[in-house]
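In what follows, chain A forms one complex with chain B and a second complex with chain C.
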Partner chain A sequence: MSKRIFALLIALFVLVPAGFALTASAEESVNLRFAYWGSGAEKEGVDVAITEFEKANPNIKVERLHIPDDFVTKLNAMIAANEAPDVCYSGPWKIQLGKDGLIYNYYEIAELDPSISADDVADYCWWKWSETESAGPYQASVCPSLMYNVDLFNEAGVELPPTKAEDAWTWDEFVEVAQRLTFDRSGRNALDPAFDPEDIQQYGIQMSTGWNGWYPFVLSNGGKYLTEDGTAFGLNSPEATEALQKVADLINVYHVHPTPAASSTLPGTATALQTRRVAISIQGSWTHADLALTEDFNWGVGVLPIHKEYKSFFHGGSLVIFKSTKSLESALKLHNWIINPANVIELHKGLWVPQLNSWYTDPEKIALWAEEGTPGRPIGFQDAVMKSTFEHAEPSPENCVVNFAEIDALVWPALDNVWNGSMTAQEAMDSIADPVNALVAGWIY
Partner chain B sequence: MDRWSKRLSIRVKTLIVILLLSLAPQCLLARQFYMRSRETLTETARQSMYQLLRVNNERTELDLATLHDVSMNILVDRELFAVFSDPMMSDPVNRRETEEAIHKILLKYFGSLPSVQQVEIITPTYSYVMNWTRLAQFGGFFQSDVFLDVREKNGGIAWLSSKAMEPFHHQKPSFACARLLNLRYVDDSSIGWWLEKDQDAVLMVMLGEAYFKDRLEATAAAVPGSVVCMVTPEGETLVRTDGEALDLSGYLPEMLATGTGMLRGVAADGSPLALCYDRSARTGWFAVSAFSVNALAGDLSRGLYLNMLGIMLVMALTTLLATGLSIRMLTRRIRSVSQGVDAVKAGDYSARIDESRRDEFTALVANVNAMSETLRRLIDENYKARIGEQEARLTTLMMQFNPHFLYNTLNVINWSVLAGRGKEASRLVVTLSRMLRYTSDSTRPVTLLREDMEWLEQYLFLMHSRFEGLFSVEWDVAPNCLNCLVPKLFLQPLLENSILHGFGGRGGGGGEIRIRARLDETNGTDLIVVVEDNGQGIPPDKAARILTDKRVSIGLYNTHNRISLMYGEGYGLVLDAAPGGGCRVTARIRAEMPTAESAD
Partner chain C sequence: MMVAGMRPRAGKAAYAARENLAGWLFALPAALGFLLFTLGPMIASLFYGFTDLTISGKWNLIGLENYARMFSGRDNYFYKALWVTTQYVLMSVPMKIVYAFLLAMALNQPVRGKSVFRTIFYLPTIVPTVAISMIWLWLLNPDFGLINQMLRSVGIKGLKWIYDKRSVIPSLSLMSMWTTGGITVVFLAGLQDVPKHLYEATSLDGGGAWARFRHVTLPMMSPTIFFNLCTTLIGSFQVFSEAYIMTNGGPDNASLFYVFYLYREAFSFTRMGSACAIAWVLFIIIMAVTMLVFKTSDRWVFYQAGEGGKAL
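Our next item is the complex of A and B:
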């Protein structure tokens, strides 16, 4: 009997350590380096997500390289020193990295980690450098959003903006609403003949003068950044220039939108709405995060106005995975973890919106980020922002236009002349058509 | 040994045993104490050495990080890029210009870093320097293993030991770091691109001893006699503080396995060595410090030994004192017991040992006391009584054969015969014969008072014959006394005393003797017989001594002793002066009536 026990003990002493050794060698420890910028709530959200990732993957350690300034220079130095990070934030220059073969084509590696399915990514929410090659899906999305001060509407007796795309204002309706909400210092609104455009106290509308502000309306009017076949500049088409001009008219004809000079005196969007400088703002949806922090402020969201059809788009940044990584699987795991809305859910309650289809269709998931009545999601949000964008999304120009950055670098200075009224939209767009066409190289997709 | 053991007193033996028994553990403890203290001291020194090593290594890591970052940043320097992308760059004609440009750029990055001996950008055709004084020569560099290593890292940093640099450097540098010069152009918006290069170039940064030495020396200063050095994983020493060289090859396997920690080693002379090491994450090199345990513990030893000796001495003394005191207590007790026994041995049977203490000896003391009591009783009752009896017998015998009495009585008989008083003589002879018959019967020491009185009357008759008209005797005997048992002939000495001494010097006559006998009224158990005379009495000084000093009156002395022995204390003779002057002797004995056996 004791001999048997002895034998059993010997067996245990031999097998158990062997077992440990085997299992230990199966899970080697991995060190990943992750470079990023950002500050405040966004950085915190990402930091928390990475910590949770390390907890869920005890054999992976993530060295965080936070580079708030000169990210590109530093990244370049790291690349030159053969020390590129495994995963990092990226700007439009990722296209060059992709073409230079420094980063992975996400499509080729997606199956290595099934936590994100490439099919689940919403249409167009990709950064690609060719039809079949992508740096990866959006880390998260944002979209253009119409936000307004409820009290100002009520006081002026104006009907609140519609929340469903099918009820969207026409442009003219939109202009009239803006007029009724623009007041000079004597309290006269813009419809009043005695209205003084030199002395405006409250603007009916302020919108982003970047492409994320006016491009929905170009699309709505039937225009496009490039021609349909992608061979030529598209913003100088009649549909595009009409839309652009109508935006400019808000400033110079109807005086419901601040001039560029006046804009420079206005505070940030959330503050401008709260302090009644502006009644309606059309800005990136990340503004919801700022509005969520305000107290005692009644704000709402509505759908964008249309010319012909309701159009909108998502846009956002993406991460990249360097080919020099020594542990592709773990790097992909980290990548997918960070972009998964579930792991940064607090940020999706105001700052961002998801880039995955399931988060727009699955009621359980919707409830996690789009619950109405929460600080970042006022009543009407799901219709006005979530559904309207999701159901009418076009590709964002910075993702689908080859050489977009270079072309846009010519477009926005020209548009400045349109905003300040020195040129019409047609004139301005025509004036840059040639240099732009030299850069035009078609659609990416 | 046995003999010695028997000769030594218990006190000494106990002291020796206790001393030995207590010293043994004390020695053990002392040794333990010493070893522990040494351990602790060594451990503390090791720990602080190790901590210092780690802290200094951390600081060095920061410096190395600076080297790493600076050498990385230079790779995206636009000026450098411009120099190298100029196709005319390697043309010897432009050498001066290129040299100046590169010299300035290198100074910009490395000029302010400490301990940088030289920075060079090495190309197959030329080496461009930061400091104009050249210290190295890189001919054959691109065929060397060093270059292969650098190229393999493809822009990553290679840390080179001085051994690796040996082929190229005139004055041994402490170490160097190098990168393949992969230059990238970066502008504000674009991500940059590689420099198209037709030849390899290597950035080489050479650093002197001082880079590490200051920190190493600060670490070495913590423990005197210690040596601190930087060592590659292959065992090559890069830099070392003053002191003996260390051969660390034996310890490398463990150092490589653990990366950081402390070791016990052995010095060249076999003495124990304490080692601490910490590995740099960047370079993989070890900072190692070593010190001799004995040297450290040296001072400690002396101090400790003295301390220990002192403590042991104190403990020995205390033990001695304690032992001495306890033994003294013991022996004192024993001595008091033996003194008690001594007293009894000397004859004082009533001596008792003090029983007031309650200790281990109480039982013994009680027993000894009881024994003494028994002894006393035996002696008093049996021996003394027997002796008394013998003495009484002797006395009786003496009286029986008292030659003086016989002689005198015979004289009187003779005178009577001679005087023709035949009948008187016959009466005297008969009386004497009856007296002698009475006295010669020595079987009974006691007799009835009645019988003794008969004899006394005969005695007195004889005395009257001798001393005619000298005295008269009056008897006053209570009837209830007549049958009391009395010692035989006990009154004779009293009468003799009165006749011979009381009336002795008187001559004439008129002497009166009164004999009274009665029971004591107060207690009823005593018989009191008083013999009173009106003689000359006894001088007070003699009277005082008479019952204690044989010489004054042997008869009274013997009689008193006899009565005392027979009846006990409180019984005997009492002498005082009779009311009319003269002597009164009071005999007190116990009034005993004869039982059936003692009756005649």
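Our next item is the complex of A and C:
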């Protein structure tokens, strides 16, 4: 009796797994590991996209590794243990992974999965480590955006910001609007001779003091990050420093922009606009998602002010595909699925904007993400953000300046001195020209 | 021991061997932990300091290049970070030690509700650094922060605190005093170990409060002070979070603490090999400073049962 049971058990142990193996191999199942960060809406949107991907490709299982903190450290450990994910989010450090040969050159594998046409990706949307080698196109784009609290304009009797690039404010017009929207605690605006800059209740303008805040104005004034031939630092040119100085003057001359200290204690961009601490914000377009959360908040978007010409840019992260993947085809499929705006469409209604040209030209696709009057896309959005950026986009310095991370690490501390008024923009940029020039290694397009 | 008790006939040597084995077994987790998680990585990082290890784990031996880059000044931040951190150590360590010592003396007074006070002063230590940093960002805000408002109310024009290159390190040192609960507790324990009879003897000899402090408390506390000095020194050289959360190393790199600089080298600039070398330089500096403190200790640290030490 017991022998029989024993035999039965043996049979079970041997046959059942074999049976599983048989069914599995019949479907050629593939397991992929996908590592990503992001929280809230972004995680939700990406999770939905992955679930849909698994439904559309029943033979592919995606193991999700959500790593909100210390991503690089953990990825590093996975690489060291030969357990790199197949596909993952990546920061600017992907360039190093590319140079070290750990990730695929997207240009070489693009043809394996035609769901994203490389021709549809704008030229400047690639993370490259050489002219011919790229980690891939942006996963999605973001861009600088001018956002404002409509009520504050109406109360001050100021005309709303223009939404067409050809009508953009000149810098002087912009400064005047900001002055009329800046109030001290006694209710005097910044044009009033008795205005008290020490006691400001509402700021006319707040912008990012990082490169994504000031670089559109440097471009608009004819300046560039490097010289045209890419052999030297460009931000110390008169065109660039003039634009930078004018940003600093908003803080220290006109008192319409919070000082760095005051900025640090203002709430986040969306809340600062809603709580009437700031009338206009120039920040990344991802703020639209935050603004969309409050239903009855009356906000709008306008075009950026200009110096000479209208200029802006898109920037964005990208995914990478590790060469250690066992199924390149499936990994590329997953990659292209996640970066396809159609599959993460909810995120493109506020947090992101598409990175594919056809989504800016095909009316059917535009209607999917940029329909005006929706929570994240106020009236005027298509002119003020979509068209103005798409038609006047330059490459982002993050992608086209070799060694950008290291050069920027010299630029922003120097700019601290400009924002707090202890140096002119020209002095500050000249002071770092030598160390920057030692790092300059050209443009990459 | 139970084992030995159950086998009374076992020889002395066997007993010793078993004791030995048990000892090793008990020590094994700690020893293994040290070997695997401390010594191993340390040796690896020493090795990688001589390579160009990148984020992807690829490396080539490059000899002393990482060190040459640091000391030659080709690295734009090494001397800056070293200077900034030294300033912080020189400023914050004495402030922390003196403040925590005085606080411990106060908390050692026989007053009603002293355990409540002890809890209150220890509380900031268990608050996460992120939360502390946010609180202090508000307190130190030049425009409407509490500290400047208080200064203004007594007619002093406030400072720019962490937003000025000249005041950022003093501001962060001031802030660090707030989280000295740990060393305060050690001081408190030390104070309670000071023999009462010595105070009585001093009083009988006509010594006042100062004499009791100078000739009893200080010498009897010197081992505790020594211990706290060493740990605080080491901790202060490794300051990181404040720069990471509050200042991002600014303004103009004025709070570019050494470990923040190391972190950036590894994770922003992806030069892991160079970061290992940077870490070893800090290790050697900390070791040298600690040894210096040890060397001087026999001049001022007094051990009750010790032989070499003498009173202050």
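The rule we apply is simple: the second predicted complex is superposed on the first by the 417 of 445 C-alpha atoms of A that agree within 3 Å, B and C clash if a C-alpha of one lies under 4 Å from a C-alpha of the other, contacts with A are read in each partner's own complex, and residues count from 1 in each chain.
Rule of thumb we're sticking to: contacts are C-beta pairs under 8 Å (C-beta built on N, C-alpha and C of every residue); 3 or more make two chains touch, one makes a residue touch a chain.
Everything quoted here is computed from the prediction, not taken from an experiment.
After superposition on chain A, the partners chain B and chain C are seen to clash. Residue contacts after overlaying the shared chain place A:A80 against chain B and chain C alike.
In the superposed model, A:V72 lies in contact with both chain B and chain C. When the two structures are aligned on the shared chain, A:P413 is found in touch with chain C, with no touch to chain B. By the touch criterion defined above, A:A405 reaches both chain B and chain C.
Within the superposed three-chain model, A:S264 lies in touch with chain C and out of touch with chain B [touch as defined at top].
Contact with both chain B and chain C is seen for A:L97 once the two complexes are overlaid on the shared chain. In the superposition on chain A, no contact is made by A:L293 with either chain B or chain C.
Of the two partners, chain B and chain C, it is C that touches more residues of chain A. After superposition on chain A, the chain B segment that clashes with chain C is 181-189; the remaining candidates among 37-45, 181-189 or 505-513 show no clashing C-alpha atoms. Across the two superposed structures, the residue set of chain A contacted by chain B and also by chain C is 72-73, 76, 79-80, 93, 96-97, 100, 405. On the chain A side of its complex with chain C, the touching residues are 72-73, 76, 79-80, 92-93, 96-97, 99-102, 198, 259-262, 264-265, 405-406, 409-410, 412-414, 416-417, 420, 435, 438.
Those residues of chain B lying in contact with chain A across their complex are 71-73, 75-76, 153-157, 179, 182-184, 186, 188-193. Listing the residues of chain A that touch chain B in their complex gives 72-73, 75-83, 93-94, 96-97, 100, 405.
Listed in rising order, the residues of chain C touching chain A in the complex are 54-58, 74, 76, 137-138, 141-145, 160-161, 163-164, 249-253, 264, 267-270, 272.
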